[in-house]
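In what follows, subunit A forms one complex with subunit B and a second complex with subunit C.
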Partner chain A sequence: MSAELTAVLGVGQTKYSATRGDVSIAGLCREAACRALEDAHLGWKEIDAVVIGTAPDFFEGVMMPELYLAEALGAVGKPILRVHTAGSVGGSTALVAASLIQSRVHEKVLTIGFEKQSESNATWALSLPQPFSVSINAGAGGYFSPIIRQYMSRSGAPELIGCMVAFKDRQHALKNPYAHLHQNDLTFEEVVDSPMLWNPIRYSETCPSSDGACAMVLGNEVSGDRAENPVAWVHGTAMRSESNNFPGRDEVNPLASRQCAADVFRQAGITNPLKEIDAVEIYVPFSWYEPMWLESLGFAEIDHGWRMVEDGTTSLSGGKLPVNCSGGVLSSNPIGASGMIRFAEAALQVRGMAGDHQVDGAKKSFGHAYGGGAQYFSMWIVGAEKP
Partner chain B sequence: MNESHNFRDVAVVSVASHQTKTLSEVNEVQLMADLISKCRNSAGVTQEEIGFTCSGSSDFLAGQAFSFVHTLDSVGAFPPISESHVEMDGAFALYEAWVKLQIGEVDTALVYSYGKPSAGSIIDVLATQLDPYYVSPLWPDCFSLAALQARLLLDKGLISLEKMAEISKRSQKNGFDNPNAVRSSKDVSIENLMNEPTIVDPLRVSDISEITDGGCAVILATGDKAKSLCERPAWIKGIDHRVDSHTLGVRDLTRSSSAFLAAEKAGGNIDRLDVAEIHGMTSAQELILEKEFCLTEETQINPSGGCLASDTMMASGLIRISEVARRIISGQADRGLAHATSGPCLQQNLVCVLEGE
Partner chain C sequence: MTDPNSPPASLSEDVKIPESISGLEPVRSVRSPIKLVYDFVPSPPVQEYLRSYSKKKILGHRSPVDGAVFVPPRGVDPRHGVLIEESVELSDRGHVGNFCVTHLPIPGRDDLDIPYVSAWIHLDGANVGFLGLVAGCENDEVHIGMRVQAVWKKEEELGNTAENILYWKPTGEPSVPVEKAGNRAWDQPNE
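Let's turn to the complex of A and B:
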């Protein structure tokens, strides 16, 4: 018995911004969910189950918020699942929702990822004292900067590659009305001159802190066939995790990332990702992770990912493999939703519904999220045609 | 569950659990490393042979963001594993694993969950689970909310203080044979229980759950694989979960409609049940659940003592499943119902029906 074909029937996003003071947590989630239902031409009653994901509950100061959100998400009398897999949660949440369709347990599932960072304080949330351990209070940038330096030393990448990624993604964001950062007059020089936070990561090379939600309606083959708007068909789904801390672990190119990519490409029958994938949405919270993941995922040769940044391959303006056409995590980062935005934007590309940041004629696209100390991975491949 | 579809046969083939008042010597990683090893060893499988791993836990309970990331070390996640985590009781992690097994790509799954509420104040922690704008700022504690529920049952004549004491007595007597039970007694009497002081009127000490630290690990397998790993697997005949509104004012608190619905969808009320393990925070909640599940005297209820004897937040639901499965695997029971709950006053409920061959 093979898995049921699964389609993305609808996508809904909120405008991402530093503070969405005009809505409650429920209001924020509902805004995205209603837009996804509208896109899918479905009503609340037609949804069988809800799968919700968000990053640590401390980010809003609400424990297991799905319980409070049950009514706002139309889940009363239905099943609701709450996923939490660190930064990859938005992607994992979409994959758990997809598994409910693939397994034929349900026919139509609403999935949503959100974060309303303005409700609490992320620095407090990440700095709660723990017995028998000393907090280095370095933040995520402090954690990842040595890994980035290791990449630079291995690959011999020029120093300004990170700035090029940041500048490109902020240009892409200008074409996405939902993006948090719309820096119309930004120049490359300004990106380079930005204060150095965690060498080699400049302030301009980090993601913002955003409020926002992203939702999708997923359906089985019959509902995909009947949909009024174009749908995105799921060609492959994969999740991998590995332990964080042990001698010999390759933190620049974790084995879990390589295995997860190999699995998802195998399922989609893709042997040459660079040639066969038309648009890519990868989780890049710090600029340098674009070339690093391009290599790990197999879009670039090892130590050569940075060349694709340098020669414009990853730019929406004529590049062969446009990466993060939405502006990426560098332009909008509601953490619990950030992974789902990657998955949803990949779906919008193959549905031909990405608006001004559409890659012409995109047929297959790749969505990616990672979390923890680069140890949790979730990925999917979606296509305009059935697999 | 989609009732028209034939699901793959999935069974619980191995369980391990541990509960104690306070785990002062070990942290969550050490506790789970031990339980996961025991569970894998008794099924005779290594982590590399397990197709999918899923866990359940709470950051708020652990007092740490991304707390489950550390516990991944107890699995030994290298080489990398296919894995997921829910911020829910482990019973819901088991549901996710069951769904994954239905897709047909993998044949085995490891499920685990744990909680160490002794590290903090559970009544304060659970107050943060309520509506963040209108309810949580008042800091109502979970036992006070459950007491309101018990009071409604009393006022409507649906329960009596004696009936509540009978449920507490059942729990303490049953718990006597369970090494994980913390509040247990061989010769507890209704009279003694009725004379206990109230904690939150009308709930007495023995009417509310005994909060403990602990964890549980379970291995699932499909069809022939299950038969090869276990002589008498506990087959999952039905599993479903449902949620009610969070707003206490719009619910009939003398009932739990989502518990009833989940049992109906899981096929819980079709045949005779030898055993039922139900997850309630108070004696009164156990009574509500008995009614929603239409349990009769034919069914032995909470032979482990249930949560009044030992309640480990985030693991209690999975432990209920493991207790039913353990009795089926050992041949003590043929058919049983296991239940898990979450949220204030039985808001969210999962029912799993298990059967031996």
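Let's turn to the complex of A and C:
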């Protein structure tokens, strides 16, 4: 028996910002959930189950948020699940929700990813001392900087490619009213002149710390057919993982990433991603990860991804493969939501509802998230038409 | 498109604050630091590893499947899910597989002057790297493949800890080629 066709019926986001001091975590999630329900023209009673995801408990110090959030998210008397796969969690949360529809367990599922970074300190929550090694790593940037250095070394990419990605994504963000960073007067020179934090990563090439939540309502084929607004149909879903340190590991292009991409493209019947995908939302918390993932995912040849940045292929302004039209993680990073934002923005593109950052006539789009030490991967492909 | 700054319609009703607290300044946040103190009981291989540091020795574990050497030893080859029992003593020399020049201070490491170099150190005879501080040269002299050697604490200060190695300094030997540096030197048969 084949899987039930699954559709994105509604998307809801909060305005991403450094501090949402006016709401609790529950209030933040409820805001995104209400918007997703309004977009789907559904009420709380019509939801069968709720699937939420957020970053490690250490970040905000809220243990088991699924217990605390059940009432605010209308989950009393219904199943509520919490998913956890580090930074990729927003993506894998959406995929767990989708699997509840695909398996015909439920007909309509609400899924939410969230983070309130203003109530946490993610960098130091990721730098906990371990008794058997020296305490020397400074947060995610400290971990990813050597991998970026390795990519630069092996690809021979010009030094300012990362700055070009950062500048491009901040330009895209100006077209997205939900984006955290709206730097109207930012110049490329300012991006380049920004201080080094984790050489070769500049401050301007890192993601901000954001508060925010993103929600989606997913439904089965009948719900998709009956929806008032356009829906996005799920064409493929895949997740993979691997250890972060083993002999022969390719840290720049992890095996799990390649396997995950191969699986999701096979499900969607896509053999030439660059030609067949119209819009891409990939998880780029540090600028250089745009060319690195374009290569790993098969949109570019190995060691040539940076050329797509340099020649403007990935820009919304006339590029052949616009990447992160929303401004991406580099412009908004509520960590637990960031993956789901990628998936939701991919859905908005094929629904034709992305507003000023819409890719004209987008029919198929790609959503991506990764987490841990580039260990967890989740991906989906959504289309305007049924698969 | 809806205005992202105004609440969704279903949440737009005004919140009624009870009269008893209506005139007070709202509490926006409460800072509550969390500290967790715990006893770490190392597994037998890690105990052996940490004890050997007090004799200025670094131990690894060799996989019975393909001979790959892991450091620190954990008693298993996680790739194949098999136990490892064979310890090997490793050199305190190796190369920089990769590195980061960090410009941020780390809590609890007030002794580190920024910027400092944290590097993946790949010991001779080991097939994975571990993190270490590189010093004894200018930061911009550090490069992928640079040969380094451990600088140990004085004998009387040695304990059962990886912190016995103060930092890694350049040896001046010819560098390892970039394509052979770090984890990349190991062929991956399960591709």
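Criterion: the second predicted complex is superposed on the first by the 377 of 387 C-alpha atoms of A that agree within 3 Å, B and C clash if a C-alpha of one lies under 4 Å from a C-alpha of the other, contacts with A are read in each partner's own complex, and residues count from 1 in each chain.
Simple rule for what comes next: contacts are C-beta pairs under 8 Å (C-beta built on N, C-alpha and C of every residue); 3 or more make two chains touch, one makes a residue touch a chain.
As the structure is a prediction and not an experimental result, all values here were calculated from the model.
Once chain A of one complex is fitted onto chain A of the other, the partner contacts of A:251 are limited to subunit C, with no touch recorded for subunit B.
In the superposition on chain A, contact is made by A:99 with subunit B only, not with subunit C. Using the contact criterion defined above for the overlaid structures, shared-chain residue A:3 touches subunit B, although it does not reach subunit C. Of the two partner chains placed around the shared chain by superposition, subunit B and subunit C are both touched by A:243.
When the two complexes are overlaid on their common chain A, residue A:145 makes contact with subunit C while staying clear of subunit B.
After overlaying the two complexes on the shared chain, residue contacts for A:84 are found with subunit B alone; subunit C is out of touch.
After superposition on the shared chain, subunit A has more residues touched by B, the comparison being subunit B against subunit C.
Looking at the shared chain after the overlay, A:61 reaches both subunit B and subunit C. When the two structures are aligned on the shared chain, A:302 is found in touch with neither subunit B nor subunit C. Overlaid on A, the two complexes show subunit B and subunit C touching the same residues of subunit A, namely 61, 119, 243, 245-246, 249, 255.
On the side of subunit A, the complex with subunit C involves touching residues 12-15, 21, 30-31, 34-35, 37-38, 61, 118-119, 123-124, 127, 129, 131-139, 141-142, 145-147, 149-150, 153-154, 177-178, 195-199, 243, 245-251, 255, 353, 355. For subunit A in complex with subunit B, the residues that touch the partner chain are 1-3, 24-25, 55-71, 75-86, 92, 95-96, 99-100, 102-107, 119, 125-126, 128, 130, 238-246, 249, 254-256, 259-260, 372-373, 375-376.
If you check the complex, the residues on subunit C that touch subunit A are 1-5, 7-11, 28-29, 32, 34, 40, 42, 46, 49-50, 68, 70, 72, 78-79, 97-104, 106-109, 112, 115-116, 118-120, 127-133, 144, 162-163, 165, 178-179, 182-184, 186-188, 191. The residues of subunit B lying in touch with subunit A in their complex are 1-2, 5, 8, 53, 58-60, 63-66, 68-69, 72-73, 76-88, 92, 95-96, 99-100, 102-105, 125-126, 128-133, 136, 240-247, 257-258, 261, 342-344, 347-348.
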